[in-house]
Amino acid sequence: MLVTFGEIMLRLATPGFQRLRQATRLEVTFGGGEANVAASVANYGLPVEYVTRLPANDLGRACMAFLRSYGVGTRHIATGGNRIGIYFLETGAAQRGSQVIYDRAGSALAEIQTGMIDWPTVFEGAQWFHWTGITPAISEGAAAVCLEAVQAARAAGLTVSCDLNYRAKLWKWGRSASEVMPELVALSHVAVGNEEDAEKVFGIKPEGVDVKAGKVAAKAYESVARQIQERFPSLNTVAITLRGSLSASHNTWSGMMRHEGRVYTAPTYDIVPIVDRVGGGDSFVGGLIYGLSTFPDPQRALEFAVAASCLKHSVPGDFNLVTVAEVEKLMGGDASGRVSR
Amino acid sequence: MLVTFGEIMLRLATPGFQRLRQATRLEVTFGGGEANVAASVANYGLPVEYVTRLPANDLGRACMAFLRSYGVGTRHIATGGNRIGIYFLETGAAQRGSQVIYDRAGSALAEIQTGMIDWPTVFEGAQWFHWTGITPAISEGAAAVCLEAVQAARAAGLTVSCDLNYRAKLWKWGRSASEVMPELVALSHVAVGNEEDAEKVFGIKPEGVDVKAGKVAAKAYESVARQIQERFPSLNTVAITLRGSLSASHNTWSGMMRHEGRVYTAPTYDIVPIVDRVGGGDSFVGGLIYGLSTFPDPQRALEFAVAASCLKHSVPGDFNLVTVAEVEKLMGGDASGRVSR
Amino acid sequence: MLVTFGEIMLRLATPGFQRLRQATRLEVTFGGGEANVAASVANYGLPVEYVTRLPANDLGRACMAFLRSYGVGTRHIATGGNRIGIYFLETGAAQRGSQVIYDRAGSALAEIQTGMIDWPTVFEGAQWFHWTGITPAISEGAAAVCLEAVQAARAAGLTVSCDLNYRAKLWKWGRSASEVMPELVALSHVAVGNEEDAEKVFGIKPEGVDVKAGKVAAKAYESVARQIQERFPSLNTVAITLRGSLSASHNTWSGMMRHEGRVYTAPTYDIVPIVDRVGGGDSFVGGLIYGLSTFPDPQRALEFAVAASCLKHSVPGDFNLVTVAEVEKLMGGDASGRVSR
Amino acid sequence: MLVTFGEIMLRLATPGFQRLRQATRLEVTFGGGEANVAASVANYGLPVEYVTRLPANDLGRACMAFLRSYGVGTRHIATGGNRIGIYFLETGAAQRGSQVIYDRAGSALAEIQTGMIDWPTVFEGAQWFHWTGITPAISEGAAAVCLEAVQAARAAGLTVSCDLNYRAKLWKWGRSASEVMPELVALSHVAVGNEEDAEKVFGIKPEGVDVKAGKVAAKAYESVARQIQERFPSLNTVAITLRGSLSASHNTWSGMMRHEGRVYTAPTYDIVPIVDRVGGGDSFVGGLIYGLSTFPDPQRALEFAVAASCLKHSVPGDFNLVTVAEVEKLMGGDASGRVSR
Amino acid sequence: MLVTFGEIMLRLATPGFQRLRQATRLEVTFGGGEANVAASVANYGLPVEYVTRLPANDLGRACMAFLRSYGVGTRHIATGGNRIGIYFLETGAAQRGSQVIYDRAGSALAEIQTGMIDWPTVFEGAQWFHWTGITPAISEGAAAVCLEAVQAARAAGLTVSCDLNYRAKLWKWGRSASEVMPELVALSHVAVGNEEDAEKVFGIKPEGVDVKAGKVAAKAYESVARQIQERFPSLNTVAITLRGSLSASHNTWSGMMRHEGRVYTAPTYDIVPIVDRVGGGDSFVGGLIYGLSTFPDPQRALEFAVAASCLKHSVPGDFNLVTVAEVEKLMGGDASGRVSR
Amino acid sequence: MLVTFGEIMLRLATPGFQRLRQATRLEVTFGGGEANVAASVANYGLPVEYVTRLPANDLGRACMAFLRSYGVGTRHIATGGNRIGIYFLETGAAQRGSQVIYDRAGSALAEIQTGMIDWPTVFEGAQWFHWTGITPAISEGAAAVCLEAVQAARAAGLTVSCDLNYRAKLWKWGRSASEVMPELVALSHVAVGNEEDAEKVFGIKPEGVDVKAGKVAAKAYESVARQIQERFPSLNTVAITLRGSLSASHNTWSGMMRHEGRVYTAPTYDIVPIVDRVGGGDSFVGGLIYGLSTFPDPQRALEFAVAASCLKHSVPGDFNLVTVAEVEKLMGGDASGRVSR
């Protein structure tokens, strides 16, 4: 069983490439980094429990219903607080990027306190715990509960993974990412990041990469992965997603992984058009957790993660609603998009 | 020119009588007591400026666009703060009442401070200022700015009106309605309330009325109006809306007014089905301000207010989008709902 | 086979009781008095051809597709002209009446000229021709073609029916209804009108009726029907629809008929809520044509017409999409609205 | 824990009172008598497992997701078969009744066979089992599994309830309701029916009742309940829903119950407008099971059931999404439909 | 006049690239291989009759309305049976292919029997009959009626065309495609297939083609066409569509034809983005039938077919709603997609 | 302050790439060449007044509300006439171009007469006036008012700009573009055109350009710009948009400018997919007016115009809703379309 912990928000998205100023209707779903990972893994058939804090109102209840509908367990979700965090999304196209407005201050999760979650009970029967760098960025309380969870997970013998997920606009509660994250990462076994996270959190830079130019080089990230592992010896796996942003509608997508001293790479997918790239990185993590848990071959785990998250870009919403069979069909080289009748 | 001041929120409503837990889309408009009054009056053709504080993001801009589209001036709106207040609405039917979830803590308006609005400039050329009991309930800052506005309005020689609008779930910033409201009401010329406000704010009760039973008696409210005027001699007009809630889809609707020592009553309308009752009271105030400003006869002003707000119940959204001609047609006795070709 | 002739317009309606000023989407159908009659009758299973003139663009083609989908023949529709007429509809509720904006000037039908329709060919195999007072009101050309059609129908031995359908906002081409209509009515066998038509077109008034008060008295219309027949001896049937407009959502509905010297009346239905009353009168005519063509008993024909048009008020759009079985169920007294499984 | 068993179908409903022939979009939910009961009870906070058979495709998976989202357990649902049953719904208004087209032949549940469900495992920890007369009507296999379930439930010491739910269009597999139902009812403790079921299944008639006339008399049903209990001594509770169908938009609604030799009655609600009456009877059963399980007073259980199902008529979809607090508010006499802020 | 025969299904498609598990609304149209051909040809202005069997309910009636609206004759459609076949569609994007769930067992057409269609009457005045390999795959009865139709068409002197259209998931009624198809193809004059059909039905393979790799070579298919013609001497035309599936959003598209001993090829179109590829092959057949019927030059017929079906990929729904002028504009080399004002 | 004058129409667009014949809903916005320029500039924060003539009905009022919502002043709009012009839009994809049906004959603006607009008052405080070649094409009255405006603008010392905007289907009132336009252009300072305008209006051709082949060469247009300036010495700026139409979904886009004797060029953008290209040219003009008014460097003005109008192609509707910051981000080379969080 996988356990993930973090904030899930009400996602309100404009339809049909509308800008927010034009919208007279908003599409309702829910999403957040850790919940997106939970949903990915639940979708592949593994048992999953998601832990968060939600208000005792119909929006909190709707969120739990949403999670359950995708097979994510909600038994350990704490109830309380004043509001659910919200994010507004307008999906871009061509040269116009997507835009997100976060409205998450004062959320139930932001006001969580240590002791509100009974972690030993949560972790009964669990094998894996996943957290991300968003959670300690939200508030002092969230950071403290995140540490509490990681420590309890280690105590219970779980594999601990994290997504560095640096968000510059958060981290306003008094301490910075570089102050808080090391303690948490040092307790983890698996770390995932994108091309910016390592630099922003740990000051570790790749070489020869111009992110804005839309070019990514797997090579350049080997040293990044190695440096991270040298700094955090507990990490026997470091994986990096490699996104080439050619436009809002066209990305290249791949990933690399340094695992037990070896480097693994995966094919690069050309994704066009992008239906919804929010949650793309989370779906990579979901695929990787599934892959490392299921396949004896790390190469296969990485390829599964990359193919799974490639497919995510064609699914509206934060959650990656694809099956193991669909991922394996793409891994097998069939990107033809033929009609399955 | 009318000036109103208060909080306008993003309104997210479920379509088709759905409950919030069922919604996969939400209808987007904006609304709030004082803005609703502004829109009513602008719609009748009078110049109106609305004052509030909105965040400098696309939701704040969309809100201003919405106001301008209905002819409400936005020149004096302050920009700043972190978020726009939000309210979620599910519209009830038959025995199931509508339900509102407020999510307005930490809004730009809640964090307003005295000095942010240049009231003397705002009031240049204005004749009337309207505020409601919601604003001082929101935060200490909002209460202070409300007082600042009322004092400036009086100094500038404007007519000042208020809607008592008691909201039990607000008033959490340290002082109660009965502590704060008297100072503000004592500076006003016109006060409007519904059947509960006078009791909740001032402890003044009608006699022989059972609100839940859906019966209202104009008679019983004469003494309420008189007691309010006795307590606040500045008030030369006190008006009370009279709603009989037979069900979420069927209300009776009327109003009474004590004005310069005389009591005025109006016909009672049977409204069925109710399309949207949010903003019903505000549309009464809008009609009354228009009526008292335009008609020499107070009886006509009251009848205009009651007919206008009767029509509001057939219009989706917070704003009352009806014309003077439409209100006067109903005042003239034509409630036949015939097709206007 | 029934033939009807007139103008069919693109109907653009706001959804969900929205006012036109609020609409960001409009619902697309097509409708017009004579086409509505055609669709009613086609729906009961009789062969029907509809004659009009439509532009040679995709809107004209979409209109023909719409007619054909409901079983109405489009073989004799003339193609040409610059535009299809349009009407905008906002559906009212409670005290707010529905509102129609016509945008039909310069339509293909308004510019029709005699000789464009080959009436003898149209009437081959036909038994009944129906026209309404809207067509001669549109333009001099439309009036001339209407007369051409009525004369050809008489020459071909068809039964000719008309709906007086007075529309004050039309009749702008130079002659008035009272100048033009008599010649046309004098060639007809069946005339239908509502409570206002006879007065507006022929100056014939009922007694003791206050239309705006929402009360109608079948009695009072007996003399109206008799006077019409005295003036136009060709009319062996005059029928009058009796609508009591209590509100936009609540009407009473019935009809009476003077046929071959005898008076027939029908039950009065209480219709609440009204889903769409546009086309209500047309659906009465459709029911009456079907009834008089099918049932030996005039009483049954009238009752069919009234029950059919009662049901129309529950169907969105101009067309009455109900079956003979559904009408007969209501005629049989079952207005219970039980679920048919 | 409650267990219910039966068929859940894909429900495809036209929006906005459209007729099926007009629909270009259909609203997707799922529903079925026994699942509706399960959802009601889960919604009140009791643990519930729903048992059925669904195909191993995305429609089956979507159905399970739907159930889980409302808190209904899906652990014991069997997977297999070729298709999910479907029903098409057009919601009526005024005199036009709603219409249902069933397309359920060959469904996964229709092809269920004994042995596919491990009933002793299902019933571990359960206190109550509910079935309806729809299930044995579907197919020989479904009838056999229903009997298997009832017997296992009795063996496990559960309370067994049934809804007679006679559907004339089913019962095509070779045996009739009157042949099959007695054996099943004879094993049950609680039976619920509407005004037609007892007559259609057992030939037991009320006196002095004209169903089509929209009048129901609680009195007349006392003898019906008594006769049923005399025939099936295992039944210590017989409850009957009392629906007065004035129109598709306006019903009266109540219920009566004969329980351990005493007769209980409840207030009658006037429901107008009806948003969705499908599942109304099921929501009564859900309320009754909750009430009999929770309240020591049978009178309170009946009142809860009637009030709960009254509220259902305002909720779109088959499931009754109301809380215990909402039901109790209505039971307490507050039918005013005021806005809950 | 063209006659086509086969099954038309209710098509329920998710909007906006949603997966079926996410859908709360489904888009309603109708489609099926032979009906799609009929609609294409009707759209070009030729008379067309479509023959099938549909249930006598509102879904069957809606289907006939849909066909008539696009100019397809429904006079000879048989009524009866229990249900209309359904297919559910989720439209893919990028690497995620579209997915179809068929729910067509037990449809009215599957239960058709010889004698239900009066073929000699159907073929009066007709010149061309088209069938596809889907129909004999559905059921023994459908196969028998298909043979009955082909024989009657030959007897009446019509040109007979077929689309091989191999569907592996059908062919469950006892005989295989390779047993049934030869007798039918041997009576046909024109055969169309895609890159897989010839192999699956007749074991005839192209050389040097890797379908999944998204590459197609017109060359390789010459031998396929020749081998088919050698085996079935009645076929004076064999055409093959050439689809290169680069992704669900990007295909190349062309076709080749062997006609009276000569090979014809056409330009290859790069289609991006694909709006709806369902019915792409059918629109090629529709274009080819129109082309061979209208143009003296087979090269022009093939180019028309390829250009027409290229355009189909931009039209939502199964039917190809493009005009002859639009196809000829593309044939003329204008693929610029400029706005036509 | 910028003033623009012309016709704004009700825009009714099909959703989701539907063809007009398929539409059951139309998306409502408003647009027109000169209003689109006004909205662009208002959006960048400059004061703008838009002048037109609109009917005194709810469609005219909705149009004014729409303009105001985007910050465009409506103080000087004349009220009167019978109808608002309408255009119907179906958005193409891949090889199928978008299609527009204009329905603007008899519009309020077409019937405008000199003297209806008080130009000296309009131009108080204004610096810039913009008109396009559409307005004089509409009617004799519109042409006369356009000339009246241009003369008054010159008299008031404003900069005058024009977009040649040749529309072959207009110009039906008696005089041709080549007769009318020279007088107007000769009074202007800035002229903008696309690759066809100069040839159609003035007979000035570029060399070496094949528009349909989707290729454009900035070089070839230098001589065009020079020839225009030689003919109209008042023009110190001539700019030409350079669109390469590869398909309805894929264009290249750039522009060049000859300004005070020097030639400026800009980068070429590859736009894919195009969300909405209507108003693309207008957004170039809006960007150019903003740029020339704001930046001292003409090169920067041109680059701003090209980048701004590139972004327009990703925004649904006629109006370009992008900020200065978004344009400058793209000018700075960031076309990566990354999510802005």
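Just so it is clear, A, B, C, D, E and F label the chains in written order, and each chain counts residues from 1 on its own.
Here, a contact is a pair of C-beta atoms (placed from the backbone, for glycine too) under 8 Å apart; a residue touches a chain by one contact, two chains touch by 3 or more.
Worth saying up front: this structure is predicted, and the values here are computed from it rather than measured.
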*Taking mean CA positions as centres, which chain lies farthest from chain B?*
E
_From the C-alpha centres, identify the chain that is farthest from chain C._
A
*Can you spot which option in A-E, A-F or C-F is basically D-E again, with over half of the contact pairs the same by residue number?*
C-F
*Can you give the whole-Å distance between the Cα centres of chain A and chain D?*
42
_Based only on mean CA positions, could you tell me how far chain B sits from chain C in angstrom?_
44
*asked:* Using Cα averages as centroids, what's the distance between chain B and chain E in whole Å?
replied: 61
*So which bits of chain E are touching at least two other chains?*
16, 19, 21, 24, 65, 99, 273
*For chain D, which residues are in contact with chain E within the complex?*
12, 19-21, 23-29, 57-59, 61-62, 65, 82-83, 86, 88, 90, 99, 101, 103, 105-106
*chain A partner contacts - residues on chain D that touch it in the complex*: 65-66, 68-71
_Residue numbers of chain A touching chain E in their complex, please._
15-16, 269, 271-275, 310-311, 313-317, 321-322, 326, 330, 333-341
_chain E - residues contacting chain A, complex_ = 16-19, 21-22, 92-100, 102, 167, 169, 211-214, 245-250, 273, 277-278
